[in-house]
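Paired with chain B in one complex and with chain C in the other, chain A is shared by the two complexes that follow.
== the complex of A and B ==
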């Protein structure tokens, strides 16, 4: 479903150029939930932004369900690409427009893509994320952090994508809310057959959510391993073992 | 969640937001004074024929330069015309000029600023250098040159002021755009497939509205002053139109003996400018996101 081969991403230019992601490769099967862990600045969020087309310069090859990312980021293939892959951002306070009703945030992607029955679909999405349709007519500041993140998830689902890119989906939330959001995401994945690529610095979140994961450090993928390998502490690389030890 | 937070319709949600804004606005006495002055100005303009005590144009030489009194509340000018009546009718000209300037310069500045900030690169460089050129010329001088080319008159005066009024709006809108163009909510709508035009008009414009509104309100005072200035030097409204600046100009000759001829329209300009400044101050306290951070 997600194929990334030898991805390089650079930020800045000239003397201030930084090589944020260096030769990263990963493959995610349909229906799988794949985790990316690493410290801050290890380049894990950048991979998600690169898939979404939010980084200016990248090299290598990426494709989602057979659509090449270079075609998907601009040109006639873009609408098709965007209906395959959507993203949930880390901070639900920054990812919702402060002056627009949250119902509009969810219905607008459908309007842009000329989908039908938008009002019914919007109501259904509110039900799917555990809110009522009356929440449609609220401003983001009238909702709690957890409710906002649910809205952000519903917005990402509005175009009925196959793949969700989740950038630290719970790190901006209270601990008590985090589990609710993770359970919601897991339920949505099973109901809709979604493929997840989840970025987190929290090994506990990744091991709860993902069957397979990659460990990143300083722009490189250090190791890719299965969840049970992680659970038995049988990581190959010293860096991964240190990370596991630090999270205990 | 309380029951009061249930919004059955988008209209009610917006009404609710407006009501909460009005509640906070009412706590600001100077802002209320400014609002009252602004509304009074509009009221005067609409009902000028009903409120007037005389004809604003017909001369009455028997009553030339009468001091303020029972018959002529604010006195008469050198042609015996009632100054109170002329100030009433002059409010129409003032509102016309202010509205014309605001409704042309604010959208131009908003569009150029947002486009400049959103696209960046050479678009930004070109648009901002043009803005710099306009900002570098003294306001009244540029307006003067423009009126000199097009000829005097209210509409030309307003257009001349527009020419000098849009660059600060462009700067402001650009700054607001730079602050949000990399925000996640802009990235999210771009990921939904929105075109740049849609992102600019539906998502970035609303971010700029509140600071633009504050700026526009402050500028109304300045627009009134420049319009009066152009009228004063004879390049704005032409006689016999009762434009306040032109009225001051005609009263200049009698300023020591018949002070009211210049002082009354001067007071009108003063009060209205002050009102808009009060209003702008109050709006800034409520709307300016940067001011909120400081509190």
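== the complex of A and C ==
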């Protein structure tokens, strides 16, 4: 479903140019949940941004469900590509418009894409994320952090995507709320056959949610391994083992 | 001998729009010596407000009441603003979560440490030359495990990483060698490996100078490793107090629930247990 080969991303130009992702490759099967873990600045979020078409300059090859990312970002395939891939950010307060009702936040992408039965779909989305339709008429500041992240997830699901890109989806939340959101995400993945690419600095969150993961450091993938290998402490690279030791 | 800090029945409340009070901290008591005390709980449980009330730096809307708050025998509630100012920084220090908000963005890190050193010297009636203070600043940065202190002294806050900035904040807090240090979520924004280094530095400084430390965090496992004992707060109250190493044997359903819902690297990939909040947790303990 997600194919990335030899991805390079650069920020800045000339003397200020930095090579933030260097030759990263990863393949994620349909319905799989894949984790990207690493410290801040390791380039993990940049990979998500690159898939979404949010980085100006990149090299290598990326495709989603067979659609080449270059056609998907700019070319005729753009509407189709962007409906397939949706993103959920770390801080739902920053990613929701403060003066729009959250119901509008969820229905707007459906209006833009001229979908039918928008009102019914919005109600169904509220039910799917464990809120009631009455929450449609709230503003983001009237909701708790966990409820706001649920809204962000519903908005990402509005266009019925195949892939969710989740960037530190629970880092801003207390552990009790994190547990609820992680359970919700896992249930939605199973019910809807979604494919997840999850970025987190928290190895335990990745290990809980994913079947396979890549460990990043300084723009490179240092190791790609199965979750079971990680859980049994059989990581191959020293960097991964250090990360495991520091996470206990 | 006086305990280092003795708080009896601390409450912090805010006036609501309808004139009634909303209690953010209720009936908190704490007696501590030169030890590491952790305060844990979720956001909004009153941890940071407690820290601010001790220092007397709560917002002007907050109403603080207490049986007493004594620091080394000094009644903080009865202290004048000038007496409080003299205590803050000199005998009670505080470090907050984000060094980028605590450091002045338009001054070099070196100048900010030097200012603190010279203020400290002035308070004890000495005059310290700038150059001597600069040398001292350099030594302090070395003590917090910064390898090239000369370079870091010349940098502005935005030019250092989060972990480096937090070590600078620890350095500044230790300049005056306070007796009590309050650390509020100081490692929450840091990567795990950096977190470990910052905590090592903090631990070394606290043990070597025989200080008291109040360590506020939402991270229960971390507090359990780092502190001597832990207060668990829920909705403004301390619901449980326990030796840090016994945190796994906590008895309050809230503490147990919080610990259970944390995912583990080698845990089962099954739905995480959800914390079921009980109305009885909001009642004062019998």
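Keep this in mind: the second predicted complex is superposed on the first by the 248 of 248 C-alpha atoms of A that agree within 3 Å, B and C clash if a C-alpha of one lies under 4 Å from a C-alpha of the other, contacts with A are read in each partner's own complex, and residues count from 1 in each chain.
The definition used in the following text is that a residue touches a chain if its C-beta (ideal position, glycine included) is under 8 Å from a C-beta of that chain, and two chains touch if they have at least 3 such contacts.
Everything numeric in this text was worked out from a predicted model, so none of it was measured.
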(request) Sticking to the clash and touch definitions up top, decide whether chain B and chain C on chain A clash or fit. (result) fit
(request) Answer with first, second, both or neither: which of chain B and chain C does A:89 touch in the superposed model? (result) first
(request) Applying the touch criterion given at the start, work out whether A:109 contacts chain B, chain C, both or neither, answering first, second, both or neither. (result) first
(request) Determine, under the contact definition given at the top, whether A:27 touches first (chain B), second (chain C), both, or neither. (result) neither
(request) For A:227, select first, second, both or neither according to whether it touches chain B, chain C, the two together, or no partner. (result) second
(message) With both complexes superposed on chain A, which partner does A:236 reach: first (chain B), second (chain C), both or neither?
(response) neither
(request) Have a look at where A:201 lands relative to chain B and chain C in the superposition and call it first, second, both or neither. (result) second
(request) Could you say whether A:74 touches chain B, chain C, both of them, or neither, answering first, second, both or neither? (result) neither
(message) Quick check for you: in the superposed arrangement, does A:57 touch first (chain B), second (chain C), both or neither?
(response) neither
(request) After the superposition, pull out the minimum Cα separation from chain B to chain C in whole angstrom, please. (result) 10
(request) Write out the stretch or stretches of chain B touching chain A in their complex. (result) 5-10, 12-13, 17, 183-185, 187-194, 198, 202-203, 206-207, 209
(message) Which residues of chain C touch chain A once you look at their complex with the stated criterion?
(response) 42-43, 162, 191-196, 218, 220, 257-258, 261-267, 269, 271-275
(request) Flag every residue of chain A that touches chain B in the complex, lowest number first. (result) 52-54, 78-79, 82, 86-87, 89-91, 94-101, 103-105, 108-109, 112-113, 134, 136-139, 142, 152, 155, 158-159
(request) Provide the residue numbers of chain A that touch chain C in the complex, in ascending order. (result) 39-40, 145, 174-176, 178-180, 182-183, 186-187, 201, 203-205, 207-209, 227, 230-233, 242-244, 246-248
